[in-house]
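So, here come the structures, one by one.
Look at the two complexes coming up: subunit A is in both, with subunit B in one and subunit C in the other.
This part shows the complex of A and B:
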């Protein structure tokens, strides 16, 4: 069953689309970083790391910011599309009948598709990060990772991580980011068990995600933040502090896992109980 | 006799189902025994697909009892699917996969490990062996339909439920499908329930047929019982002959003004008819038995039902 799902996913060309989009995104980010270095900093920060020019504005900074933006906007959209294809797509095309006319329980079908989505989430996170680091290394060069307080709230005070320490933190960011992405996948599955058209399902889930993300970011709604999973999603950023708050990190991971479990339980409940007309 | 031999494959008693205010099925009864081929017939919207989807556990019955191999389909659909195979219309397949990939992967769900020979044989059975490795997107509608039938045959089920399996098939493929189904019944004792609009096929293939109209059972029995042979006569004066026959105590079932009168078979013989009409000065021009096709018989029933209902 898993090999069948993998074959279908590969032939659907969704992985190719995701990979192409990530490459395009990184090219845009690279252009953005070069432009910023040339025009915005007035030549104070050179976007290049060499032995002679050990700039804080280097390939690791590029990788972190690329991963951060990609994680918040691109990966959720691809994951939502994946979930919509798995449930709403199979429903709309009628192939759900093809699967369910086999001795296969809906719970098992859901579990297989969820497992594949978890693999996709981890693969997307790892792929984006690896590619960001590679582009950062080849096009700019790696140095120490210095983060300063700014509009992106990556940190509230200057953080300095030596290159090797930063690379370990990058590696740790993948599983933590995957946990966060699974809550988006949970939302995607939930919507696609209700909305039977895959385009509508993906659109609805994306809209819900963006609305919750925006609400979580606006100070006016601060009382709502604890109830929105999007408030916790960028929690893995604390890995890039000099001293990691591990209890806080795991607490946020648990909350995200709780949101994922809630969404997925509701989705499974709906899928098991619904009629297929 | 084993348990499976005596246990009905399908047993439906007093099935009701509605969609909002619309009653899709009303008190439908159906029984399909092992080795039996049953045809499900009716106009569009008569409830055929709803019945098949209830049997497959995709829809919940709202009244009555539904069992497939003694199991409630909606409660235990995947247990039902261990012994039954359903193929719904239109054929839904993965365009980017090949027929062989469909067979290979789908037949493995549930633990079956088919050999390549078994898969090739299933494709050859439906005439798709030479397209085994082409993408489904390149297959015609009829070929997709045949692939769905091949998928239903691996592994061999005890019950085969086919929704409009002849849709999109050319006449040769229809005949081949008929042979396949008869062979499955005769060699493997498989029970088959198929819905179809091709009444010629139904007449030649099924042991029993269930005709639905607006969710009600219009007819249930062997096709031969639906077809009533009648007497048709042509006369020199249509209306006068009709009156003469009725005055003679003979009921005229139907008439086509200016062409023929139809009586129950055996209601009179040629000499009696000639004598009765001759006495009224009417010439009998033709007197013969008429056996309607299943299609004609069905249309007649449907018209009669419509007159009663409306």
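This part shows the complex of A and C:
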């Protein structure tokens, strides 16, 4: 069953599409930073930013920025597409109906698809990060990671992480980012069990994610934001502080895991209750 | 046909467990300042923008809210108070009268119809050290003990222009530059740098405000760092900075739920214990 699902995923070419899009994204990020640096330095095209430190922009900063934006806006879309393909896509094509003619419980089928989606989430996070670091290393070169207030609001004071420490933090970011992505996957599964057309399922789930993401970004909605899972999506940022607030990090991870479990519970309930045709 | 919901219940149980841990346990976020009676020798600094802007479009302290301010200050029993958005000298005198005979105050020049003031017991408040030409800041000196003299500056930086804020903070720092001894800078800087507000709708000012904050952070210790927002909507605008080495911060932060109707700022309190070195100068 797992091998069969893996084969289907590979043949669908969705992983190829995701990888190609990530490469395209990183190329654009690189061009964007080069042109920005060229403008800011009057033709002396160096990756650096001027007002706090003459040389803090390096490959690690590039990787962090790229991962940050890619994680929030690109990876969720691919993950939602994956979820839509697993349930709604196979419903529309009749594959799900065919699978269920075998002595296979819907819960087991759901669990296998969920496991594969979790692998996809981890793969997307690890892949984007590894590629960002590689591009950063080749194009700019690594160094220490310096973060300042005001830049992506990652910190409220200057943070300095030595290169090796920063690389460990990047590695730790992968599992924490995967937990966050699984809440998006939960939403994707939930919508996918209600909407039988994969395009509609992916579109609806993406729209819901973006609506919640935009609302969560309006900072003075302070009473509403805590109840949207999108408010916690970039929670792994705190790994890039000199002193990591581990209890806070695990609390946010727990909230995301809670939302994820809730969505998945409802999705499974719907999948098991509905009539296949 | 549905044949059991074991999987759903397991997932639901996990959801409840995770959500309970995430939302139910202490967030670790600062609850702000909690009122207590400090030890003798602790210097309690209070900075409060007492203007009204939530319900009345932005005006200085209305007379009907004066009693509330006096009551809150009376409960705090501060060593020194810097207020922003007072109306005039008459209002300052009414506040001083209500606080008690031992209180004295100085009032800054009018900045867009609002004034900065410094209030302290008469035995402590020594001299006016100067003020910025536009009335945004006011320097002062305090004698806190025989051996401890504190030079301070109260500030209310412009609310709308980061360029003006940058200049005004520079002027305020000039008032206490080259002071040989403990220094305090407190007030409403109208600068909001917060970790979780990446898409701040007022972000055009961000870079200049970062420079301004860093200018202060290079010279002083931010005594209320990490204690949460001080003003609507969820912004940290009020600060207490102290020069390094003369004191340790015992407790600090915004004292919440103390706003009169229409006020948009909490009083910000910093309890500072002078070090032995500072008191023996």
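Basically, the second predicted complex is superposed on the first by the 261 of 277 C-alpha atoms of A that agree within 3 Å, B and C clash if a C-alpha of one lies under 4 Å from a C-alpha of the other, contacts with A are read in each partner's own complex, and residues count from 1 in each chain.
Rule of thumb we're sticking to: contacts are C-beta pairs under 8 Å (C-beta built on N, C-alpha and C of every residue); 3 or more make two chains touch, one makes a residue touch a chain.
Note that the structure is predicted; figures quoted are calculated from it, not measured.
In the superposition on chain A, contact of A:102 is made with subunit B only, not with subunit C. In the superposition on chain A, A:14 makes contact with neither subunit B nor subunit C. In the superposed model, A:163 lies in contact with neither subunit B nor subunit C. Judged by the touch definition given at the top, the superposed model places A:1 against subunit B, while subunit C stays out of reach.
In the superposition on chain A, A:277 contacts subunit B only, with no contact to subunit C. The partner of subunit A that touches more of its residues, comparing subunit B with subunit C, is C.
Contact with subunit B, but none with subunit C, is seen for A:94 once the two complexes are overlaid on the shared chain. Residue overlap on subunit A between the subunit B contacts of one complex and the subunit C contacts of the other is empty.
Residues of subunit A touching subunit C in their complex: 51-52, 107, 110-111, 148-150, 152-158, 217-220, 222, 226, 234, 237, 245, 247-248, 250-262, 264-266, 268-269, 272-273. The residues of subunit C lying in touch with subunit A in their complex are 2-3, 5-9, 11-12, 14-23, 25, 27-28, 193-201, 206-207, 209-211, 213-214, 217, 225-226, 232-234.
Only residues 53, 56-60, 77-79, 81-82, 85-88, 90, 92-94, 96-97, 101, 105-106, 108-111, 151 of subunit B touch subunit A when the two sit together in their complex. The part of subunit A that touches subunit B in the complex is made up of residues 1, 3-4, 7-8, 11-12, 93-95, 97-106, 108, 275-277.
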